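Look for chain A in each of the two complexes below; its partner is chain B in the first and chain C in the second.
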Partner chain A sequence: MTHPMSPPAGGVPPAPGAEKPAPPPEGRRTAPRTAFARLDVRTLSLLGVLAALVVAGGVTRPEAFLDVDNLRLVLTQASVIGVVTVGMTFVITAGGIDLSVGAIVALASVWATTVATQEFGFAGILFTSVVVGLGCGLVNGALIAYGAMVPFIATLAMFASARGLALLITEGRTQRVTVDGVLDLGSRDAYVLGVPPLVLVFAAVTAVGWLLLNRTTFGRRTVAVGGNAEAARLAGIDVRRQRLYLYLLSGLCCGIAAFMLVVLSGSGQNTNGNLYELDAIAAAIIGGTLLTGGRGTIVGSVLGVLIFTTITNIFALNNLQSDVQQIAKGAIIVAAVLVQRRTVRNELA
Partner chain B sequence: MPDLTSRRGLLFGTAAVSAGALLAGCTSNEKDEGNTGSSQQPAADDKPGKAVTIGFAGPQADHGWLNAINEQARARAGKYADVTLDITEGSNDTATQIGQIETLINKKVDVLVILPADGAALTQTGLKAMRAGIPVVNLDRVFSSPQAFRCWVGGDNYGMGLNAGHYIGEKLKDTPDAKVVELAGLDNLELTRQRTKGFDDALKNYPNIKKVARQAADFTVESGQAKMAQLLQAQSAFDALWNHDDDQGVGALRAIDQAGRDDFLMVGGAGALSAFEAIKADDGVLKATVLYPPTMAASAIDLARALGQGKGVSGLAEFEIPSQVTAYSAVVDKSNVDQYMPIGFD
Partner chain C sequence: MPSEAPAPLLTMTAITKSFPGVRALDGVDLEVRAGEVHCLLGQNGAGKSTLIKVLAGAHQPDGGTVAWRGETVSLRSPSDAVRLGIATIHQELDLVEHLSAAENIHLGHEPTSAGFVIRPRVARQASAALLRRLGHPEIDPDRPVGALSAAQRQIVSMARALSHDVRLIVMDEPSAALDPDEVDNLFRIVDGLTDAGVAVVYISHRLEEIRRIGDRVTVLKDGRAVAGGLPARTTPTREIVSLMTGRGVEHAFPPRPSEPPRAAPVLTVRGLALEGGFQPLDLELRPGEIVGLAGLVGSGRSEILETVYGARRPTAGQVLVDGRPLRPGSVPAAVRAGIGLAPEERKAQALLMLESVTRNVSVSSLGRFARGGWLDRGAERAAARRATRELSLRPDNPDAAVRTLSGGNQQKAVLARWLLRGCRVLLLDEPTRGVDIGARAELYAVIRRLADEGLAVLMVSSELPEVLGLADRVLVLREGRVVHTAPAGELDEHRVLDLVLHATDAAAEGSQT
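Now for the complex of A and B:
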């Protein structure tokens, strides 16, 4: 398994463990237990922050905050950026970064809502969102893996061009969706057992992401590449192909998120996905994914997203203005990371 | 005009009193606004005169309103046989825009119409044009120095808030303990604060009305949906909503629809075509919108033409064109929406 070999130092050990043949038999017996113990500390501290927020919301606005509709609201608002963050977590775990996620969401949502695309109805919009996301991910991945470009630069270039192309397509106009099937998916009537479809998609992407990272060879390779790419290469992992797949995965998540955003807002606009890259990175880092690579946690990332969304929700319910919101958000990021680091350090000591 | 603390406000102070008074009378008349503004209407003085070349430089048309600005300018210039419009590719980059304007100066156009991406950053360029003997009509985003333009034409953000507040106030004046909610635009911008101040000042006239919540979105559909959803959750019942911007209003209406709420009246801002259509259809909460009319670009062309021909504006007694023109933020509701339909943007 991959968890135990991710010491904060991010040293060489990961690669051998990530190799398929030897570790599983013994690893499965002993490693997961310590891994879960440590994962629990991290996760628990995040849950603690979330619980504190819930108390704060419950005390300040009990009737509005402690309400099923509000739970749906928070989860729905978290769903789009949540899906993006799952993809981002993989990329960061492998030691990369994807600054283009917001721009890809914008481009995919815009492309999927042109008059021409809308003629193909629900399937056309869904297909276009996903394919545009994948296409951008493919370009990112190819440039980084085979063009040997630094991820920061390659995805920054994608950020600029995808936003530019989105603007070119819309000419700044708001493209409203007229396909009923898509609009209905965002309405109350579409709830499945009281759960909005977007939240279900978020849950499904999270579950698949968790399995992929923690229970598959693909996940182990991702961690190995992030821990020490050279060691991973020597251990027989095709690092370049792995990187290509990871940016494809991030692009796919952006495509799915773009479709979700089209459903949620009933439109496509070139300003969509504004600052998603920063939100997704922040959520992943707060969650416990190492920016230097070698360790990633889907559960942590999702909790990070939920913490952010809950903060926004509590502030809005208490009618606090954007200036206060921004200051407090920054402070809470720092506090969350400090608390988490201290808990983990104590645990290790 | 109410007392403003902004640069725009200061400029009002420096404007000639006579021109100001005349314009105040003129801008408060909705019919006149429609006449001078709408590209559908014949111009007041459309007899061909001296040929004028007008250079037009604007920012990148990255949202509907700016698109409409370009279209209005083009259409208006096209109406006059004696006007040649030299329009640049819009840019949000200050250096690029400076370069474009300097090219227009070198071409020796007769008059410049400039909508700067950033008013303060382009002030020097405005000054340069004026010193080169090319009068500048400054559109909407104002230069830092009044010396950098001959005439300023723009919108009235404070007036938007004021008119929205009065419209809502009149609708709710008989409702005891009425609650109002505000969905503002990007809080970083001075114009958002002016809109909010105007709105608050208007509501002060109605002691039975209380503003219970305000959240700021950022002019995007996505943010409009997100912030409105939160506002609806925060306020289980209210009587009216003012949304600063019709673009983010598309998202706000989506959130209202998703929450299944229809127990209040909504007023928009800016004047998007989708808002006009919703108001005309009258099948939802949106009952009115307050204009920030893109026709000001057409008016800027009119003023630039008059400037180039050395004439005043017909309908005013002045020999010269005014130094300030503030477009009126008319309230468009079902009663007058047809008139404004042609200037709606998407």
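Now for the complex of A and C:
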């Protein structure tokens, strides 16, 4: 999607060792291309995979899978992890990693559902979710940007301590939500034109994320830091500040996701968001974001999330256990990375 | 060192090797005899490194033959070279810091029982014996290499070479990191090796070392061997220097302005110093002026540029733009004040290789095309295109991926970045590295034109003719110190090479500008 500068889809990659620049583009692209004018091969293949899954679901369990309520469920489930994945996409595009997203979701969801917080009603729950997410992101970002810690280590530490703190708060109990406004948001009455509100939140986060990555200086700096941090630094970009902002952004997304999860489950639990870090990283990678940084795609990440959620749903409908699901996910990740590596190698040849 | 002339151990004939945009070796011959110290001389970029990498099996030559004891061999990989008995001690020592000395020495050929169980005691004893033989019994084979001094690491590296059955050792500037005492020890080691019939290919910039231990000299120049097998002790210095500098290709340098610039200095450097990098430096740079820094690799040239730019934090001194001091060690502050840097390693330090020309050019000026962080991509593209057109960047396509550009055009993209930013002081580190000979003249013209339009330029180059031909004023550096300052017209290559090669401290006339 978002790389108007890369060679045209299906174009011939430069021959190895070619030192002459590409032939001048006669009349090509007189105006800047919009991202919608070009769906690259990767996006098309992700759409193809998703379509194939829908067909598979429709064939194996026609009534159950194609049921409107089931499709709503798939989208709703995708929404929570999807919001986390949007934040993760930024972090990975900048060459980082955030292993703490699941733990932050857990901590934010339980902090937002304590008895004390619930006294402040809807606003209290929403505010606490977001602030706890931002706070964790701030700690991650400060350690990485100004404490010169490796992102893997800093966020691994946050992973452990945020989950620990969540357990400490709940003492392992499920904290039921008693605020009607929050519970109502998850009910059928709150659907907007048949679409659950959480799905609308996901759509909004996706749109904002896409614009942020592709249309703002923030996004451009993110890509530059991930593509070549040293070059970005020597070009005058404040790389450390950018990194701080990126982990704050990921924390914010976790806070939003935590609120969505509270709405969805009507409770806060310290086991919330389990393995979200793996799902979000995997979705971003199969979507086409480079784990080495320098290239990121929000559309790809969202498709990755939808593919994973659909697989889970189809497997569940067909009574296949989660072990099989995990194996299938693993295979998809490997296949996607192999394809990605070949594409990048061709481009860099 | 035997006085008779034994049959050549190694004969390299008509070796050629090209990289994209550069012909690194253009038919080089090299003949090395058993038991001799054969010195390889040449300026930076003459092809020495490429030649020894071919010899080490790290590069495959495009043409030419390598004969070992009279038989043609092909060195397809470093292990082929090791098998023949060729060892290379690289300038950047390739040791694993976390492993011990003994483990490093036997890396890849550990003594084992049953083919896979490592016998650490055997390795330790063999290592201790090697280290003793090299005059450094004090190095503990069990110490991690990371804890050793530079000189000790070099000894470990040499021990590694000797742990194979070695017939020829290539040493790439082995004395660069050594004290005089340690250099003496190095020479004793070299003598011991040659007495045992081992040949040594010795690369150094220091003529006096070559006089002391060399038997014969081969001089490389622009990828050719301009002289092979000269006697190392008796060939006059003047002859060697002129072989090193004799110009094959004459570059067309743009004319200098008739009037020296008179405007107030835009950049002032006061007592700027970097520990382990360079001594306190004073410098004034006026609009329209090009000042060159000449010196060998490691003389502190790049460090000076990077410190002025804020990419390194100085240990002392100040950088001022228009008389206002900059926050030390801050690149954003330097960029805001109007300083731009075209770094030495373009791909690693300047370019976003996955991105288009436009995005590479605009990256330092994004704020100009944004309102509230929202980018006006049309304006960005148009402005980037104006900047690249002004420098005649080819292809004239702002959407071209920067990685598809030639070296010269990639450099233009970096210059366009600073042109777009409207910078007033341009720091150029090796501006023509990796740029075709043919494209260089065009870059020279661009740089001079930017200066004529009021830019102040501070440039570093390993190519002496480039510094002397392009700069108005030259600062000669040796080991982090300015040893001479003069208008470029009053210097020639011989004079500068004398200054950088010899310890002629009499020439140290301070660093005033």
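As a convention for this text, the second predicted complex is superposed on the first by the 293 of 349 C-alpha atoms of A that agree within 3 Å, B and C clash if a C-alpha of one lies under 4 Å from a C-alpha of the other, contacts with A are read in each partner's own complex, and residues count from 1 in each chain.
In this section, contacts are C-beta pairs under 8 Å (C-beta built on N, C-alpha and C of every residue); 3 or more make two chains touch, one makes a residue touch a chain.
Keep in mind that what you see is a predicted model, and the values were worked out from it rather than measured.
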item: First (chain B), second (chain C), both or neither touched by A:D238; value: second
item: Parts of chain C lying in touch with chain A, wherever the complex brings them together; value: 20-21, 309, 311, 331-332, 334-336, 341, 343, 348-356, 358-359, 363-364, 366-367, 370, 373-375, 377-378, 381, 394-397, 399-401, 403-406, 409, 417, 421
item: In the complex with chain C, residue positions of chain A that touch it; value: 4-7, 14, 17-25, 29, 31-32, 215-218, 220-221, 223-224, 227-228, 230-238, 294-295, 347-348
item: Chain B to chain A touching residues, read off their complex; value: 60-64, 66-67, 187, 212-216, 218-227, 229-231, 233-234, 236, 247, 250-251, 254, 257-260, 272, 274, 346
item: Residues of chain A touching chain B in the complex; value: 61, 63-64, 67, 69-70, 73, 76-77, 167, 171-174, 176, 186-188, 261, 264-267, 269-274, 312-313, 316-319, 321-323
